[in-house]
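Here the chain labels run A, B, C, D, E and F in written order, and each chain numbers its own residues starting at 1.
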Amino acid sequence: MTLLGERTTTAAADDLEAAAVAVFPVGSTEQHGPALPLGMDHMAAEAFAHTATDREDAVVLPTLPVGVSEHHRQFDGTLYVGPETFEEYVRETVSSLAAQGVRKVVVVNGHGGNSGALRRAARRLREERTAFAPPWNWWDAVDELADELFDEDGGHADAAESSLLWHLREDLVRPDALEAAEAGASEGWGESVHGAVLGFDTIDFSESGAVGRPTQADPEKGRQLFETGRDRLHALLDWLAERPLEACWPRDGR
Amino acid sequence: MTLLGERTTTAAADDLEAAAVAVFPVGSTEQHGPALPLGMDHMAAEAFAHTATDREDAVVLPTLPVGVSEHHRQFDGTLYVGPETFEEYVRETVSSLAAQGVRKVVVVNGHGGNSGALRRAARRLREERTAFAPPWNWWDAVDELADELFDEDGGHADAAESSLLWHLREDLVRPDALEAAEAGASEGWGESVHGAVLGFDTIDFSESGAVGRPTQADPEKGRQLFETGRDRLHALLDWLAERPLEACWPRDGR
Amino acid sequence: MTLLGERTTTAAADDLEAAAVAVFPVGSTEQHGPALPLGMDHMAAEAFAHTATDREDAVVLPTLPVGVSEHHRQFDGTLYVGPETFEEYVRETVSSLAAQGVRKVVVVNGHGGNSGALRRAARRLREERTAFAPPWNWWDAVDELADELFDEDGGHADAAESSLLWHLREDLVRPDALEAAEAGASEGWGESVHGAVLGFDTIDFSESGAVGRPTQADPEKGRQLFETGRDRLHALLDWLAERPLEACWPRDGR
Amino acid sequence: MTLLGERTTTAAADDLEAAAVAVFPVGSTEQHGPALPLGMDHMAAEAFAHTATDREDAVVLPTLPVGVSEHHRQFDGTLYVGPETFEEYVRETVSSLAAQGVRKVVVVNGHGGNSGALRRAARRLREERTAFAPPWNWWDAVDELADELFDEDGGHADAAESSLLWHLREDLVRPDALEAAEAGASEGWGESVHGAVLGFDTIDFSESGAVGRPTQADPEKGRQLFETGRDRLHALLDWLAERPLEACWPRDGR
Amino acid sequence: MTLLGERTTTAAADDLEAAAVAVFPVGSTEQHGPALPLGMDHMAAEAFAHTATDREDAVVLPTLPVGVSEHHRQFDGTLYVGPETFEEYVRETVSSLAAQGVRKVVVVNGHGGNSGALRRAARRLREERTAFAPPWNWWDAVDELADELFDEDGGHADAAESSLLWHLREDLVRPDALEAAEAGASEGWGESVHGAVLGFDTIDFSESGAVGRPTQADPEKGRQLFETGRDRLHALLDWLAERPLEACWPRDGR
Amino acid sequence: MTLLGERTTTAAADDLEAAAVAVFPVGSTEQHGPALPLGMDHMAAEAFAHTATDREDAVVLPTLPVGVSEHHRQFDGTLYVGPETFEEYVRETVSSLAAQGVRKVVVVNGHGGNSGALRRAARRLREERTAFAPPWNWWDAVDELADELFDEDGGHADAAESSLLWHLREDLVRPDALEAAEAGASEGWGESVHGAVLGFDTIDFSESGAVGRPTQADPEKGRQLFETGRDRLHALLDWLAERPLEACWPRDGR
């Protein structure tokens, strides 16, 4: 189906009747180093989610563009809300849809900082038996391919992200800045000191805002990432569409 | 400037330095009767807000697509969050921008149900001296013109809204359904009983979800509404850009 | 019946059994310019509400005297609580009554700043099917008569309010200060700048604290306002007493 | 001075300038057995508080009529709000006054169930150095006299309360029901079982709603209670008016 | 049974099946003058609670060591959480147990400052019919004996507390500091001024942090206190184990 | 120093003066399969934390025994509080200590489910410049050694945890149940379906409650884990004690 926001309520009545699942893209607007746009994460989530507009059994919600990014705030242009607010916004939006009968939702997530809040929202929606709304992080879905394609631990504005956006929105990537991104990047996320993870803000461990090796970015590899991720997302949607709602709820104790 | 989300953090550093004001479009995804898409309100807000991408002195934030629409929930496709959650999301997003030096923000609003929450957010941001972020409702800005163009009290999915979207997104309007919209519409918002306003949900007083006389809709009139609204928005941005920040804060008592 | 607070629990058992509706007066303690007392709004609400002590089918709750008046805080003597606190206080009080079987309540409101919170409280009580508790604003109920009697847009400490209190509590009105009130008054509420309503605090647009033309005040006109408002309130109570509780709850979707 | 609510903002400016202290009466609307009206506690608080209208150095706030009375809810006519809501309402009201320069407030309390919330509010206001607002419970102030006058442990709708109201509002007391009140009363508050206090609701331990020996009530003894309490309240106001604000704030650590 | 925390989930399945009641010790870590350790209150609660490990019908939860002690914060070593946080922590812990079938719980409390929060938690758990979880304060359970043994009003780090801990943990008591404790102690809790209780922090009325007459402390008297308290706790557990769950819930109204 | 709870306030004054850091052990009481006790996680945290009682520069707080374990609730004996409550309890406890001058704290954590809440608490304490309180998860500190010692991905009640507790509390481990633990265990945490992590509750993917290969457990390996972890914790404490407080606070933007 097409995007829910583009349908009239009359048409949506049919869409919702036919829908087995929904797709809700969420991301962030936050620094991604000197080579990638601030909207990287919501653009990625949206791109994956919008591939579901082809499906007869799915409705696609509008994109939530600002997320849990306080840890990037020292870099210009970063917007953010607190984890509780983000969690509530997502949870209530999903609840409002679930009340109309679509109670299986994949929250397509473009930003690692959102993960905790999305897990809590999903957990609570499931506990209440309102909806089953697991987050799907695109980078988790393509991690094996990314390991093959790139030599990095990565984590933020890295080769994988840069490649993906290069494929999706070539106009917004600045390849000439990838060197600078990498020069100021850290190897991995955070700063481990004797077993404690001490990097609370990105600026604690990365000068450019990037983490990983963005100079390895390549739009063709981005295409592969996108297509692999898309295929896995659709496999998930197929699986979820088939799954009985009853099987989604929490199990009883022993 | 272009959209903030499309800029790198490096470029945004310059943008924010140059910016006197910001523009934050917010709307809703909710029923607008049988002729208009669910995304009407965020599409309208976005269209007005994006006219500011031409300005050197403004940054334009991404669009918040789901708002305070619980009162439309009996109509299919309506999404919503509670007023507290919406207020917090807007307030925190504006705060995160204000911390980077842009403390005058126009919240371009497409949905009447958001107004109370936006006023509360603006009030609190001002009290704290974090930011001056008044909401700007496009329909308020064009009310005189709308009174000239249409014979309706209106309020929701009416001739004014239908005309505006017909102008902006002809592909998403279904002119053949305007008759049905009007046939099931109420004349005015709510249901007044001996001085009490009792219509808590739209369905309490409107069968089609519309309020007003949508059959008077006309894309040319929509163009006039858009251009008038746009001009007023830019006049507001000019005025606000000039206004010293100190003049924006609350006055002391007598 | 007489006031609930003046009845023993034993007598109240009978009252509640017999009651079809309840009346809950709420107001504020806030500046009303140099001619009217700070308690104007709760006095007005109480006066209307207490006319229901004559009815066999109504219980009358005690008056809540402090409301959502932060926007008047720069004027001496203004007391206020936040909108959430006011909403909760009203909602919980109504819930406690509803648990005893009286689930239709008219919240007689004397202060415009309370309206948003009262609407939210009423909406939530209705959603939960706890109670149907619409607010009734006296000025809305008499707006046609006020338009006939006075040449003003008004809004606060205006001719209508001044007249009403002059009728109700002549001892508390200072007619000699009406000139000063009007001299420092604004014509209408708030300050509209290119379509944005920017007056967040009364002091932003009114020097005296008044909005309207208080010099037109007249106790005889106040009597007319009071009697008209009273009659409309009783018509509402009649209507609500007759209305089946089931008809008060939210309708299901289409 | 007279009641704050009866003053204009202009007059209040002078009152607040002259005021060293404020008095804020709070109570409840809850069952007081078959002989006393539901408003007992707010009537008592108001009566004590209004004696301060004679003082040049005090402003008297309006009365908050509904309190923390959930434990009486099984008896008809009881209204209540939760302890958090009550605490916030009081705290915010006091804060709004304190912002105008009157930062020493006696909260004259008529209801034991409010005490915890009032202590928490006072503690927080003091911690923040917003205001010093200790609660004053009238029964604590007259406990020695009550012990002399009556042979009871008491606690609710007992001889002391009944006497006080008989003195204050003879029209609202039903002496013929005092026998029934006592017949169904418990000796003391709650129900102690092996050291645990298990009476969470009044109905757990009292059939009539009363606790104590109301048949000992006498209006002349009520007069003595009132006058003694009044004198102690004024001694407190004198003491507080003299006390430097700095001496009211928390001490530093050792 | 032994402590719940020392059991495997497999063994706990049997324990919970057999359990009629649970015991949850809660205390504080706060100043107790120069002679007693900061952990006095959680040590006392734990000692009483652990006597229930002998019972076949009881499970014993782990000890919550930090409580509502802000009023002691000016004395070194005092830790605390706010009353809402403490209430929630206790309430949620009890709820998690109740979901497994043990719905009668004695909260063995070692700290007076926790009492209000524990009452609120118990009240709410009972209202929801989740659990019946009354607090049991050891000093209330032994008050008659304490009155016999000591000549003090006491209240904090007094002869009773000092004796109890001397019996329980001789190694942690510093008898040579009891003189200093008493020299700087107040006679009773708080500071009553004309009927208002004004001591919000312990330092307001006690120089040493103690309240009472600690020099009367004696380990043998501590043994008597402990054994008497223990016996009363077990009597309570016997009584509660026998009590049908239905008898624990709130009664309906008249 | 010894445990804070065992010190008088007088002695604590010296301790706090001398202390450069504090150690706060937190864990959970939750199922750990058929071979390990429910208190595994708080016992482990306490054991590591108590090694710091030897240090002159550290104070050791009491152990918080119940954590964020809702996802284990289907297994008997599991206790839990919500993530917000846990976060607040930890944050407020640390704040109360920080107010006394010890503003660098290592939160020694025994339970993975606590991690998100501890990160949020630490982030907020740091943002406010109240304290620098990073969590230290013992399993992260020993992950390299654990990889050498065991052939498992592990995660819960696995060989590493079982070995550690076997070393620390042999009396509480049931080696004969390790087979059953492993037979019902999952290989890794959660259940990944096409890139989405769907295991919200442990019971969704593990029959015994264990995750990993507990039969590899060995007390000697437990000793190695403990000593390695202890050494890393002390290295962290050394590092943190040396680190200037100013270096702990968030960096400013670029």
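As a working rule, contacts are C-beta pairs under 8 Å (C-beta built on N, C-alpha and C of every residue); 3 or more make two chains touch, one makes a residue touch a chain.
For clarity, every value in this text was computed on a predicted model and none was experimentally measured.
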Which pair in A-B, A-F or E-F has the same interface as B-C, with over half of the contact pairs matching by residue number? A-F
Rotation in the CA alignment of chain A with chain D, degrees, nearest 5: 180
Report the inter-chain centroid distance for chain D and chain E in whole angstrom, where each centroid is the mean of the CA atoms. 29
From the C-alpha centre of chain C to that of chain E, how far is it in Å? 48
Shared-interface residues of chain D (touching two or more other chains) are 13, 70, 73, 75-76, 100, 253-254
Considering only which chains touch which, how would you classify the arrangement: line, ring, star, complete or other? ring
Round the ring starting with chain A, chain B following: which chains, in what order? A, B, C, D, E, F
State the interface residues of chain D toward chain E in the complex, per the touch definition above. 70-71, 73-76, 83-84, 106, 116, 119-120, 122-123, 126-127, 134-138, 140-142, 192-198, 200-201, 203-204, 229, 232-233, 235-236, 239, 250-254
Using the touch definition up top, name the residues of chain B that touch chain A in the complex. 3-10, 12-13, 15-16, 29, 31-39, 42-43, 61-66, 69-70, 73, 75-82, 85-86, 88-89, 92-93, 96-97, 99-100, 172, 174, 177, 209
